[in-house]
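You will see two complexes here that share chain A, one where it goes with chain B and one where it goes with chain C.
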Partner chain A sequence: MSFRRLGLSVAIAAALISVPAIAGNKLIPAGTRIAVAKSTLTVQPASEWNKLGARPGRNAETWTLDGDALNDLTFYGGIDAGKPLFREADRKNRPLPTVSATMLITDIPALLESSYRIALGTAAMSIGTVEPVTFAGGKGVRFTYAFTRQGETLHRRGEGRGAMIGGRLYLITYEAPALYYFDRSVAAARQVADSARL
Partner chain B sequence: MLTSVPVFAQEKTGLKPGFQLKPGTARIVLLRPSIKVGAQSTGGMFEPNADWTAQARENIAAALGLAQTSLGNIVGDYVEPGNADPAMLAEYQELFDAVAQSVIEYQFFPGNRLPTKKRDGQFEWSLGADVARLPGLAGADYALFVTTEDHFGSTGRKVLQVFAALARVPVTAGVHKGFAGLVDVRTGELVWLNADLQMGGDVRDAEGAQKRVRQLLEGFPGKPADAPVTAVSAAH
Partner chain C sequence: MRWRIAAALTIGMASTPAMAANKVAPLPPYVAAYQPTNVDERGAWMMADEDERHLRDAADVIRDPALNAYVRGVLCRTVGEDRCKSVRLYILRVPAFNATMTANGTMTIWSGALLRLRNEAELGAVLGHEFGHFELRHTLSSFRNRRSGSDLMAWASILVANSGAMQISTIGGFYAFDRAQETSADMIGVRYLATSRYPSAAAADVWDRIMGEADATAIGRHRKANQKYVAGFFATHPTNLARATYLRAAAQEIGDGGSAAADAYRAALAPWLPTFLADQVKLNDFGGSEFVLAQLAADGWTTPLLFARAELYRERGNPRDLVSAAGFYQDAIARGDAPPEAYRGLGLSLLRSQQIEPGKVALRDYLRRKPDAGDAALISTLVDS
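On to the complex of A and B.
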């Protein structure tokens, strides 16, 4: 590849990352069953959401009401063994942990915890309660977590539900600032997670 | 400018539809501004600088002090009762920053607007009604949040910018964020916001801080008509 072409493709890639105007966010209407995260996982939201054009990873997508920093409902639709939860920013220096086909359900919150610690550059990420639930028709886990992003002191709370089905990880997380935002849409987020089917 | 950053139409001010503030009708409390100043390393990381931050804090306080009397309403400084928990104010300031960033990203960039926020002239953003519980806001109608964050590009970063420009990669040297927002204490709603990621005025000197404060308070509701601010809004 010539320097010029390389330069151009780098510029395009950089533009795609840094310019949000290209993203194309879509309305998720209430009451319709919809497939998420480019997978066979479906959910049926009872209220409207926005799907962000920017995806956290190939088999992931994020819904929000006010922006992903204020309320973030992310779907991971069947992450294969050997793959990280989301896109790696720096695979060489800060590789993310990967899904394993033999993971136990209790390994799911641990995977999210270590992925966040690396990706967000924060030590302030902790798992709260962990309990078994049925998720998307499989034996799954429901857990709570709390974290702050690097360079911030704003406390965020999260809730996740996941299961290993057919050797793949299915996971739905909801997170928001602990102040006001978490409580405001946690019921809507739980309703979406409750409706998950494979 | 050497960079080839694409120019997109971007809004910088949001006002809740129908919101009006008549001069002399409201009691506004100016919260202690949140100010961060530092350098931007070659890799783009923020390196806080305590001296610059102290200078900026002093300069912006002085500039806000001058501006406060001309906002059309009584704007008093936030006084925290002695037994109050300072962490609560800091948490609300960080929440305000997160909301302001979201407004910039998902409302001010029309192409990236969230579909549920696209409906007619909508401007619905909130910190939650519990903001009224902040000690020091008793009796206030509105709280005025002010945040500035400046990352001055290091020499290495500026050199990178030049080389990146040759390869047509947009690299910005420096971040000069400024957010000013008026929150209705009774509802927690954000009724007015002025926010930009590249503001003018070097907050490390008195004159620059005045320029920054003028820009932050441009279009403040209920403020008597401004002198023309064209010189202020030009890129630094």
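On to the complex of A and C.
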């Protein structure tokens, strides 16, 4: 088999293998109001995004531009009391903290911090500034955070906006590597979060 | 391959013969600047060198020179000055009880272990155990054991009809071999302690408390406490109970004394204690964290311990927990050296308990003490609303 044929068959094999993985991904068009995270939360992006087929949790959904390792915009649409933020990898040995209906808005960043620390196995996760903001029509919180996965050297930055509305948690997070990617798409992500409505 | 002190996984039911006779052997003669001698060992060292280059730059490494010098000093006092020169020691900020060793002399100890240990002798026991893996070249012998076992399985699958039972016993042999290595590392660790200034009984104390914490974690999560009396088929480490038992017996046989240096240990850890406690509290492990705090407070509740306990109760957040949390914050504040965050926690606990006015008073105190706090803007809205 010549090198060229080999290259072609590898490409075909790769395409065949990757079909199931990308099957659920979808282009989000610019300018249309769209419901996210299987909830009544809607947003209106000004630019195109890609919605990933794989969901972090039952009431969550992730959008990206270049892949979720490079820019990750995640919506949490009305997490009920008693439920964790995202799917638990090991409920028996590493259960995640759960939403509580009596949570104060100061507890929203703390919940995200604790969930990430447990799920990513790292203590290198910290909350930066926390300030009040109107989010999806409710009294909410806007916060910045930074983290590094266990054993990695890549620093990631994040920004979240959330509110407790009707005893449920609504949250949008954007995170990307601190080097180059965060700044490149933070404006697009903020525009989406600004447009959130219930 | 990395050697870890704690078993991450214990599954399986089949029992293996208990290690009955664990005599404390004398230390092997030491060779300085050991170099890998053959192709297998050079390969293992090359991989370990690559891992170490990665580890050296990792974000989890605690680079505080004082803490590193202190932990290294304990290692050197345990295994001896000449031996400890062959080790690079990294302190990792990971809130779990563990320490690791690789073939080329890369040792790690995790912050969760530093939090749980009580004195220099216990730290020496853990570090000595890891050094034992290095000195006894366990990575190499384990690799060879696995390779000859998989060769055996490959031939057996061709040559022997119905070789399934043989494969199972060979795989079981891998894990039994690993457990035997853990035991021998434990025993050489005791031997290092015996030749050091520290009492060798410290090694067994560690495992007693680890068992207590595992039970507390299980009960806190409404599960049955589940200590294993025999190591399972797939267990890579002996059970904690077995380790506590044979280490205790070995220490009695040696019968040495000496100071465990608990005060020096506490003093060296003091600058990092609030950080390590905060990391533990954020693990969503109420029972285990409460146990660790109670162990640390055996000689009385200090301000960092009270503050951490208050945060732990506030995080769980049942109505009764919020009352307890407010009490612990007030106890911490009454001691006079509480951080400003104690006022923040007190205020938020009171607000969640519907004690609005006292809560606002505490939050105003927090803002006065830390006007440039990252969440000052948000807390102000809670005070003003």
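Heads up, the rule we're going with is that the second predicted complex is superposed on the first by the 176 of 198 C-alpha atoms of A that agree within 3 Å, B and C clash if a C-alpha of one lies under 4 Å from a C-alpha of the other, contacts with A are read in each partner's own complex, and residues count from 1 in each chain.
Rule of thumb we're sticking to: contacts are C-beta pairs under 8 Å (C-beta built on N, C-alpha and C of every residue); 3 or more make two chains touch, one makes a residue touch a chain.
Remember, predicted model here, so these are calculated numbers, not experimental data.
Novice: Where does A:131 make contact in the superposed view: on chain B (first), on chain C (second), on both, or on neither?
Specialist: second
Novice: For A:25, using the defined touch cut-off, is the partner it touches chain B, chain C, both, or neither? Pick first, second, both or neither.
Specialist: In the superposition, A:25 contacts chain B only.
Novice: Report for A:151: first if it touches chain B alone, second if chain C alone, otherwise both or neither.
Specialist: Both partners.
Novice: Go through the superposed model and pick first if A:177 touches only chain B, second if only chain C, both, or neither.
Specialist: First partner only, chain B.
Novice: In the superposed arrangement, does A:167 touch chain B (first), chain C (second), both or neither?
Specialist: Touch status of A:167: no partner.
Novice: Could you list which residues of chain A make contact with chain B in one structure and with chain C in the other?
Specialist: Touching chain B and chain C on chain A: residues 151-153, 155.
Novice: So in the complex, which bits of chain B are touching chain A?
Specialist: Spelled out, the residues of chain B in touch with chain A are 4, 6, 8, 46, 90-92, 94-95, 97-99, 101-102, 105-106, 109-117, 125-128, 130, 166-170, 188.
Novice: Could you pull out which chain C residues touch chain A in their complex?
Specialist: Answer in residue numbers: 54-55, 57-60, 93-95, 111, 221, 223, 279, 282-284, 315, 317, 348, 351-352, 374-375, 377-379, 381-382.
Novice: For the complex, which residues does chain A have touching chain B?
Specialist: Of all residues in chain A, those touching chain B are 3, 6-8, 10-11, 14-15, 18-23, 25-27, 48-50, 53, 64-67, 69-70, 151-155, 177, 179-181, 184.
Novice: Would you tell me which residues of chain A are touching chain C in their complex?
Specialist: 92, 95-97, 100, 102-107, 110, 113-114, 117-118, 121-124, 127-132, 141, 148, 150-153, 155
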